[in-house]
Structures are given as structure tokens and as C-alpha cells.
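Structures follow.
The two complexes that follow have subunit A in common; it is paired with subunit B in the first and with subunit C in the second.
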Partner chain A sequence: MLNFKINSSEIDKIGNFTKEEKNFRLKNLNYFNDNGFPNKKDEDWKFSDLKTIISKNFTKLDIQFAKSKKEKVDFIKDFEHNYIIITNGELSASDFRYEEKNKINLESFVNDNYSNEKENNPLINLNHALSNKGYYLEVKDNYKFKKILVIYYLFTEDLDENILNSKNKIRIGKNSELHLLEYLVNSSKQNFFNNVYEDVVLENSATLKNIYLQNNKSSGYFHKYSVNKLFTGSNYTSFIFPAGLKFNKLDLEFNLEGERSECNLQSASFIDNSEHQEIKTRVNHLSPNCKSHQKVKNVLNTEAKGVYQGKIFVKDVAQKTDAYQLSKAILLSESSEFNSKPELEIYADDVKCSHGSTSGNLDKDSIYYLMTRGLSQKESSKLLINGFLNEVVDSIKSNSIRNFIKTKLQTQLQNEHKKH
Partner chain B sequence: MKNQNINYNQDYKYGFTTDIENIKAPKGLSEKTIKFISKVKKEPKWMLEWRLKAFNRLKVSKEPNWQKPKFPKIDYQDLYYYSAPKSMKDKPKSLDEVDPKLIETYNKLGIPLNEQKKLSGVAVDAVFDSVSVATTFKDELTKKGIIFCPISEAIQKHPDLVKKYLGSVIPISDHYFATLNSAVFTDGSFVYIPPNTRCPMELSTYFRINASETGQFERTLIIADKGSYVSYLEGCTAPMRDENQLHAANVELIALDDAEIKYSTVQNWYPGDKNGVGGIYNFVTKRGACRGKNSKISWTQVETGSAITWKYPSCILQGDNSIGEFYSIAITNNYQKADTGTKMIHLGKNTKSKIISKGISAGKADNTYRGLVDIGRKALNSRNYTQCDSLLMGNKCGAHTVPYIRNKNSSSTIEHEATTSKINEDQLFYCNQRGLNQEEAVSLIVNGFCKEVLQQLPMEFAVEAQKLVGISLEGSVG
Partner chain C sequence: MLEIKNLNASINNKEILKGLNISIKPGELHAIMGPNGSGKSTLANILSGKEGYKISGELMYQGKNLNEISIDERAQKGIFLAFQYPTEIPGVNTSNFLRTSLNKVRKAQGKKELDALSFLKIVKEKSNELGMDEKMLSRQLNVGFSGGEKKKNEILQMKILDPNLVILDETDSGLDIDALKIVADGVNSSRNNEKSFLVITHYQRLLNFIKPDFVHVLSDGKIIKSGTKELAMELEKTGYKGIN
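Let's look at the complex of A and B:
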């Protein structure tokens, strides 16, 4: 059994900190040491017992990680883009060749928020205690990005039973707009743990379009907690396309603080081979006339486990809220499993809130129909799965990006089908 | 002071108390109390041992705290665990010997205890505080081999059946309130339907808490043997008091091969007054096991009363092709809090379940649907359909939905949908225009909203339930 306790001397090894910061880190470390990795007794981790997963797969968790050798980046050639390169959580290069440089601010992230708020999630405590890298990206007021910004998250092959803790912050100024592609490339063949804390702020009338895409499957164990603040009239659209990790939990919180703010989240994934994936969302409607829309689609194959926990919270002042949540899962194998907990907590009466959740196999009638048209069983099911997932991809507006993602998803599916 | 009756709540017509002398167990929860209950009930030794086993378990278990409604700590030592009308000590042989005051109480409640009301065709077992008062239509049922009697009587007369099934669905170690019930349960109904028998009438139990500072812990056990059918109704009321009273019942249903049990509840415990003072804490454990092939258990509930309700009537679908159903209406007004729902646990092949839940909250109330649908790896070709709708009246109340959905095999299908909204203004306007006042219009629309569930109730109950829906929401509009 792996010992989860972390010695406080590790904090000194990370760097020299002010007294205030050190206390903050120590406090969080103690909290983590008291609780350990979350397990299924924690309501939020009911379906993802991380403690067991970690102790089964890791013999140690190395906190200190020496800077790795420079990685070669395989740039996307399908469309013109600006880029930022993050290697093992650390900001290593950037290029904004299509933009006005004075409108953008990019630096290594320095945490200055030592809030005493108690976190319920031990992994956030762990991050608060040990994080030492990350970036801060700011788009100044009244500036619209001309080209998409791709953030390459590289994980190098020398990662082996390491744990990376990083913190990122993105701020989109008033009336500004940013299109973002978070592109994850993993070269490590070994187990490692990536623990990210993300803070996103959308000022009045700001727009953020975000696509999260994993290039390939990997043996990483990922946890990301993201807190998003949306002010008056802002609009956040997020697409999530995970390709499958040993463990992946995306814990996303959206606070619709300003009136008429809108958030839209869609996800499509194909998971296989004992992979475990959880998407957990919490949308807090805190002001009137806000909209939120979520659609999460999963296809699960051999031994795969998918989880969706979504919560819509509507405060009593948030009248005229329009909130929607849909989770659909297709289970292809006897050994796959899908758990969901779509939750509503509503305190305002003039609202329209609904959710739906379905899980089951491919529709037999549809397969039969396709087979009467001359397709084999395999081809029919492939066609149906494609259609199921592409519904999400099709709502991406930009042609070149949509096609790029479609090709990526196709290759993933192709690889799957070859195996079977 | 505590025993004072409060009269200003006119909406709750069952709020009267009956002045009857009571015999009470010593106050507080102890081995002594349990031995007292067991002795009064003239129970065999095994039953007392069973109770004590539960009591020992209780010492190490903790009150659950995950529910949405929080409540002040209950002082379990400040309660009477047994209260019986004095005149009941020598059990009456027939209805003529029952204390006329009791009969009067039940008449006030509109329960057809008198055999002259034979036309209504419902066999009734009435439980007053801790004991079963009277059971009607016994002869007719005996002819068919049906056993319908207080559970204390069944422990003495049918120990084999009780021993075999009691605690087999809700084990004594289940959770705090179920364990508490196992230790101190006082009375309740026992039903056994022999193989291939269709119970000719609805069986019904009326529960009434009368004495103050008393907890009511009744236990119901229904066994439907192979190929049998029974429909069971349950109603509950309590006087208006400014204290909170605890009601922690356990209900166990067992359906063997091809058997069907239909269990309907109209729960109208005293909900507390307009300011949230008093009312019953209704912490009930209800669970049914579809043990046999092709068996079916159907729960229907109309929850309008109680200050706090925690109740999750569940089905364990063990037998292949078994069916579980849950139809619920939960109405909360003023400061009432309800956290209710169901669990459908699919273990057998080709099992089906259906959940229809309607929650209505008004005033400053909180209404939560919490449910679990769990389809196991071996429960191939299983099916679930869930629909939960919530209606909000006013912006001081809350409506919540917390479903847990687990699917562990690919041949099963689960569908879940939920909506939350307020009463459509166009509908209200239409009704107003046709001459209905605001309250009538709301009542009509709400009844329409609940129709799917109300339809499931047996005739006698459906009428009462419809009225209740209207009464519970009085004063919540405008």
C-alpha cells in the first residue's frame, strides 16, 4: 500500500516562499495528509474511487521533477494559429504572430490568493500545497483574437510515477474574444499524475470558445478542477474531446454571476480498455436571465467506466433561468459501466430547468435497418457511433477546426475497430 | 405546556386529540424499555433476543446526516416508546367491546371501522399510538386462508412465518432509524396471502399518533406467496401539537413467484403550523423484495403531511422478469421538508422498473427527489424509465432532484428525465377566464399535473387524495 503522507519538508524543496504563502501551503498539506486521496465515501467521488486506483497502479508518487529535456513539438498544420507550449505543466514557449502584442499578457503563474476557504476536495489542497508551475494569460479589454490560440500541453517521456501540480489562470477582458484549443500530447509510457487547478474569468460581454482535445491515449492519471466566473453578458462555449486516459476527472464549476451570461458545454468521447473517465459539472445560476446548456455523450467499450455528475444550482434571485442538461451513453460491452447523477437544486420559481440521462446499447432497429441496406453489422454499428459522436463535433462553427477534430476522432475510432 | 393543543391551523382537520387514558412504557430508550414492550406484548423469547440484538447494533450506529433537510437533534431518552389506550389491556374480542371513544376517533377520521360499512369493502387494521385497535372482516379473510392481523398477534400465532421473513428485507443492521424500529417496534400489520389466492378486498391500515412525547414505531410485513395478489392501503394522521414527534416505521414486502403486491400510502401526518412549529418527523424505511420470478411490487404514495419526510420505498428485483413500480406525489407547503424517492435495484434478468415522481413545493418548503436506479452486471435486458417533475409556487421554496443512475451491462437501457417549472400563466389565465378563482384554478392544474400518479390509487383513496392535494396548497397562491 502506497503511503500518501507527504512530508512538509517537500514544500521547502519547491522554493523559497513568504511566510504567508508557506503557511497557506502547510495548512493545505496538512489537510491533504489528514484526508488522503479521495475515495468513494466522498459524495463527489462516489463513482471514482481514486484512492484505490492510485494504490493499485502506483508504487510511489514523486513530487519533485527535474526539468526535462526540450521536447520536439509536432505543430498542427491544418490551420494558422498562435500557440503557447506548456511542458509538464510549465510555460516553455509562446508565439502570438497574428495578434497585437500589447493586447496580450502572458507570464508564469504566481498565486497570490491565500484564501482561508476550506476546500472539500483533497486534490485541490494538494495543488494549493505543492503547485509550482503554470501560466497566467490575459486578454486586455476590447480585443478580439484574429486567429485561434492553441495551447500545446506536452507530457515528456521521462515522466515516471511523478505527480505534477500546476495552476493556470485565464482572464478575458471586457468585450474581448478568444478562441482556444487545448491540445494534449503525451509521450510518456509510464504512469504519472497530473493535477491542475484552473481559474477562468470572463469580464462583461467577453466571449471564450474553448476546445479540449487529446491527441492520443496515454497512461496518465489526470485531475483538473476548473472554476469559471462569468460576468454580465459574457459567453463561454466549451467542447471536450478526451481520447481516453487511465483516469481522467474534469471537475468544472461555472458561476454565472452577471445577468444574461451564458455557458454551453458539450462533450463526446469514446473510451475503452479499463479507462476511467468522469465529467463533473456544477453550474451556479446566480443572476437573472442566464442560460446554461450541457450535453455529454459517451461511448463505452471493454472494461471502460464512464461517469457524469452534473449539478444545476439556481439561486432564488436567478429568475428566468434556462438550464438544460443531457447525458447520453452507449454501452458496447458487457463489461462497461456508466454512472450518472444529474442533479437539480432550484430555489427560483420562474425557471425552465430540465435534464435527461439515458444509457443503453445501440438501437437494434437502427442496426437492422442499416443491415437491410447491405451494411455489415460492424459497419452499421460504426456508422451509428460516428453519428452519435459527430452531433457534438458538428456544432463547432469553424470549418477547418471542425474537420481537424473530426479526423482526430475518426483515427481514434478506427484504431478501436481494428482491435476488435 | 407541551401537551397543549393548538387550534389556529384550520387546514388540518385531523388535528384533534382523543382524551384516553394511556399506559406508557418507562420514558427513554434502554434495555428496560425493550423488555417492557416485549413483556406487554407477551412475546416469545426469540423475539426479545432479536430486539436486543438490534438495540446492541443501535449503540454503535449513527444517525444518517446526508439528507437535505436538517433537523434539531432528537433526544431519544426523552421519548415514550410505548403508549397504549388503557382499555386495550384486555384485548377486545369484537368491535362492540372497543372503547367507544376510539371508535368515535376513527369515525371522525372517516375510517370504515364499523362492519356496517361493509359496502366500502375494505378490511381495516387500525393502529392507535402503539397498538393495533381493531381488525375488521377477519372471518371472510380467514376463509380464504389469508392472514391479516396485528403483527404482535402474528408473532404469537404464526411464529414460523414471522421468523422466516421478518428482517429479511430490512436487516436489523440496515441504518439508524430502521435499527431503532427493530429494537422498539410496537405493533403494525401482518399480511400473508397463500399461494394462488387473490385477496378479495383492499386491505387497509390506519395509523394514528395520539399521545404526546411519543414516538410511533410500527412494523408492517406483507408476504404474497406464489401466484397471489394483494392491494394494501395505508393512511396516517396525528393531532396538532407544538412539539415534533418521531415516526420511524419499517415496512417489508415479499413477493414470491408470480405474486403481486400493490402498496398505497396517503400520508397526512400533522405538518406543523404556518410558522413551522411542531409536526411529525416521518423517517420511514419501506422496502420490497421481488424474490420470485415474474413477481411485481408497486408503490404509490401521496405525501402531504409531516414536518420532515425521509422516505425511499424501494424494490429489490431479484427474480427474473420481476417488475418494480414507484408512483409518488409529494406536496410541501409552509416550512415542510420532504426528501423522498425510491431505489430500484435490478439483480435478475429482464427486470423492469418505472418511476413517476411529482413534487410540488409552495411557501418556504423544500422538496427533494432522491433516487437510485442500479442495474447489476447480471441483470441482462433490464429496463428502467424515470420521470420526475417538480412544480414551484413562489420564490421562497426549493425543488431538487438527485438521481443516481448506474448501468453495469450493455443490454440494459435506462432513461431518465426531469423538469422543473412553475404553473403556466396561460393555463391559469384560461381557468380564470372560465370563472374559476385563483385557488380553484391552481388546484385543478395541480391535480392534472398529478393525474398519472392519482390514477394508480384505489378508488376510495383517489378521491381523498385529490381533496388533500387541494387542501395542502391552500393559502399558497397570491
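Let's look at the complex of A and C:
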């Protein structure tokens, strides 16, 4: 088994840090070294035994990575957009040609918060100890983006058993609005691990619409922890379309700090061939009159494993909370597995909270109906699977972006169907 | 067109059809009437190819043994079943589905597939004939459709696919009188001397609008009486119990 303990001298190799920062990194490194990669004994990881997955698939994990050559970017041509390019976690280019530049601040980022609070997730500790790249994006107050911003996350061909630790921070100012497409394009041939820490703040009455799309399958192993703070009247909508990876865990926390703040999260994915995907959410209702809505849809084929752990926490003061979560899974194969763990923890008495979880096979009556109209069994299944997932895509409002996403997912699904 | 001889069918060891005989020639419209549980829907399901039934007897369509033909191939060969309870299919766009279906059938019959534009023309024309709101076509298949809308959508599919043998399974149930007339008009305008119809119904009411050539009474899995449309009138007066 891979013994992944990191020598404290590695931190000096990353850079020269202030005493405060160095202590922060060392402390987190010790936390990580004490635990190692999490395994199924950790409650938060009981369906995703990362320790085993890492030992099976990696012989080493290189912290150091020589800066790779500039990657050629295959820009999206379907709609006009601003862009940021992040190569292997590092900010490498940007273009805000449609915007007022003095309303936007973008810079490389490492960290600015050396809190003493102990994180319970060893991967966050690892990130705190070793992160050496990332970006900070700020939309100043009272500014609405005119066009969507696409963040191209590129992973280069020369990655080989590396671990990338990056931190990103996004702040949307008061009354401001940003539409974002996080577009992950992966050209790596060898295994690598991508460990991201993300910090998002929506100030009063800010709006963020986010689409997270993994363009292709790859040999990347992904973990992302994202903490989102929503102040009064702010609104966060997020669509997540993962491509299916050997390991992919999105751990998302939403803190509804201000009254009337709202978050809406929807996800759709098709996973196959021993892929492992977990979406874990924690929505904290901390103020009155907030809304949260989650819908997670998964289709699972041969040997695929899907996990949804969704927790809604309602603080005693958070009256009139409206919280909803739904997980739906279709299992196409006897060897696929889906685990769902919904959790509600409510301390207020005037709230509306509901959750539901279903998993099962494709509906036989629907297949019969479609076949009586001349479609083969395979075509009928395909149509039903597309329909099941498209329901999420259909709630994207912009036509050009919805069609772009639809085409991307269609291509991914076609590749899947070809295999079977 | 359709020749059924001594058809027996059971599901979960329960016998439903017990030696049913019927013969339908091109251009004919046959009505099958019968009380609840007499096996009407089972007959419709079996003709469409639904799985789960144990079947014996002879089932011939255009001279071929139906038992050897899969559900989708039957549709491609021109058998159409209008469902009593059309299935709601979330996420599938009605218009896209209709086009996929039509092109599957056309392709199997050696005809050219239709592009989006020519298809749209056909579907608009046919849906107007049925007094359907065009907006329905951009909705998810049968999802949130009213009972009447679902039935009209079945008749729309029938008109678009232009089958040889149409089976209407209680298409009249749940329809108000106006919708019933529209549906009946849809059927009547499709009749010609090549197409055959098998109309399954509970009530004589539908047969006031769709005139059958023959009427059969199905009871306990067998045809117990056959006749012309006068038989339907008689049934209305005496009830199923009065027949024998």
C-alpha cells in the first residue's frame, strides 16, 4: 500500500512563507499525515474509500510539477463569452472583452486565511498544507456581467502521477451578477489527482449562475471542496454535469447566512465502467426565509458506483425555511451501485423541508410504449435515459448555452451507448 | 389482415383468453365489446406484442405468424395500438419522439426518412385536424396531459404513422362528447378499403360515431356472439347479461 506521508521540507520547496502561513501549512500537514487519505471508516467517506482507490491506482503522487508548455485552447464557438484559462490549476490567461474592466479584479491566488479551525476532511488539510496556485476573481459591487464568463480548466498531457492542490476564491459584490461556465478539458494520459479548495462569497443581492461541465472522461481523480457563503437576498444557481471519472467527489457546502438568500443545485450524470462519483452537499439554513433546492440525477451502468450524501441543517432562528432535496438514480446493470444518504437536522419549528430518494431500473411500461411506436429496445432505453437527464438541462434558461450543454452531453452519451 | 384462431392466453397462471377466434379483412372495422375483466385489453396487449403472457393458438397478421415478431417490428409492419392509458414519459419531447417513431417506421418500410421541416408540416396539419394545441407538441410526452389530450395524442400518432391495422383500446374512455366526436372523426377519415380496425370498447356510445362492420361480444375470454352494428344497439338495451 502506498504510504503517502509528506515531509515538512516539501513546504519550503513550494515557496517562502511568512511565519504565520508556514505554521498554518505545517499544522495542516501534520493533520494529514496523522490520517492519510480518508477511508470508509470515516463517516463522510463511508461510500468512497479513497485510500483504497489511491493505493490501487497510484504508485506515487508527485507534489512537484514542472510548469508545462502552454496548452492550445479549443475555444467554444457556440456563444460569445469572456474567459479565464487555468492550466493545471494555475491562472494562465484571461479576457474580459465584453465587460467594464475596472469592475473586475482577477489575480493569482494562494491563500489569505490561516484560520486555526481544524478541518475534518484530510483532503482539505492536504490542500491547506500544499496549495500553491489558484485564482481570485472579484466582481465589484453593482455590476452585472454582460456575457457569460467561461473558465477553461485545462489539464495537460504531461501530467503523470502528480497531485495538484489549488485554491480558488470568487466574490460577487453587492447587487452584482455573474454567469459562469466552468469547463474542464482534460488531455492527460496518465493518472493524476486534482484537489481543489473553493471559496465563494455572494454579497447582498448578488446573483451567481454556475454551470460545471466536465467535457470528457479522463484519467484525472478529482476532489473539490467548495464553501459558499450567501448573504441577504443573494441567489446561487448551480448545474453540475460530471463526465464520469475513476474518482470524482464534489463536496459542496452552502451557508445561507443572510435572510431571503436562495440556492438551487441540480446535477445530471451518466457513469459507467468502474467509475466512482460522489456528490456530497451540506446546506446550512442560518437565517429566516431562505430557500434551498437540490436535485441530483444519476444513471449508472456496469460496475459504476454513485453516491449522494445530502444534509440540510436548519438553525433555530431560520424560520420559514423552504428546503428540498431529491435524488433519482437509474441502475442499468446488476453490477452498478447507488448509495444515497439524505439527512435533515432541524431546530426551527416553522419550516418546510422535504427529501426524496429513488433508485431503480428503467420503467418497463415506458419501454413497451416506445417499442409499440417502432423503436427498438435499445433505442427506447436511450431515449428514456436522455429524457431522464435532459430534464435537468432543460431548466437552463439561455438557449445557446442550453443547446451547447445538450450537444456535449449527447456526445458523451453516444460514446457510452457505442460501448454497449 | 388479421386471423386469430383458438387463442389462449394466461398471465401469472391465470387464464384470460380461452379460445378466441376472429378474422378481420382489409377495409373492415370490427368492434369488440365486453364487460370488465372479459379480456379486452389482454387481446390488445397481445396483438401489440407485450411480454409476460403465455400464449397458444394461431395469430396471423398479413399471413405471418405474429408470435415470431417483436414489439417494435410489429409497429414497423403497420400494427398500431392506441393505448387505454398512454404512458407519461418525462424528459422526452413529444414532437421529437413522433419524428423518431415515424422515421423508424418509414425506414423499415423502405421509405425515405423525413427531415425536420417536412415532418413539422405533416404534424401541424394532422394536429390541427384533431383540434390540438400545437404547444402540446413541444411538451414532454404525455406528461401533464389531460385525459382527452392523451387520447388525441394517440390518434395523432395513428394518423402520422399510417398503419394497416389499428387497435383502439377503450379510446373513448374518459372523453367528453366533443373530444369523442373529434377522435371519431379522426378514425373515420382514416378509414379506407386497405386499413383494418379493431375497436375495443365498453360502451355502445362510441359506435354511434364510428360505424362498425361487425360487432363481437367478448365474455370470459371468448367471443360469445357476433353480428353487425344492430348487436351493439341490442347490447345497450339488454346489457351483457342479456346476451346468450
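Assume the second predicted complex is superposed on the first by the 419 of 420 C-alpha atoms of A that agree within 3 Å, B and C clash if a C-alpha of one lies under 4 Å from a C-alpha of the other, contacts with A are read in each partner's own complex, and residues count from 1 in each chain.
The criterion applied here is as follows: a residue touches a chain if its C-beta (ideal position, glycine included) is under 8 Å from a C-beta of that chain, and two chains touch if they have at least 3 such contacts.
The structure displayed is predicted, hence computed values, not measured ones.
Judged by the touch definition given at the top, the superposed model places A:Phe338 against subunit B, while subunit C stays out of reach. The partner that reaches more residues of subunit A, of the two candidates subunit B and subunit C, is B. Using the contact criterion defined above for the overlaid structures, shared-chain residue A:Thr358 touches subunit B, although it does not reach subunit C. Applying the stated contact rule after C-alpha superposition, one finds that A:Ile346 touches subunit B and leaves subunit C untouched.
Look at A:Glu303: by the touch rule set out above, it reaches neither subunit B nor subunit C. With both structures placed on the common chain, the touch criterion links A:Glu119 to neither subunit B nor subunit C.
Once the two complexes are overlaid on the shared chain, A:Asp316 sits against subunit B while remaining clear of subunit C. In the superposed model, A:Glu161 makes contact with neither subunit B nor subunit C. The interface of subunit A with subunit B does not overlap its interface with subunit C at any residue.
Across the interface of their complex, subunit B is touched by residues 43, 46-47, 316, 319, 329, 331-361 of subunit A. The touching residues of subunit C, when paired with subunit A in their complex, are 48-51, 70-72, 74-76, 80-81, 83, 86-87, 89-92, 97, 100-101, 104-105, 108, 140, 157, 161. If you check the complex, the residues on subunit B that touch subunit A are 66, 377, 390, 392-422. The residues of subunit A lying in touch with subunit C in their complex are 363, 365-366, 368-377, 379-380, 383-384, 386-391, 394.
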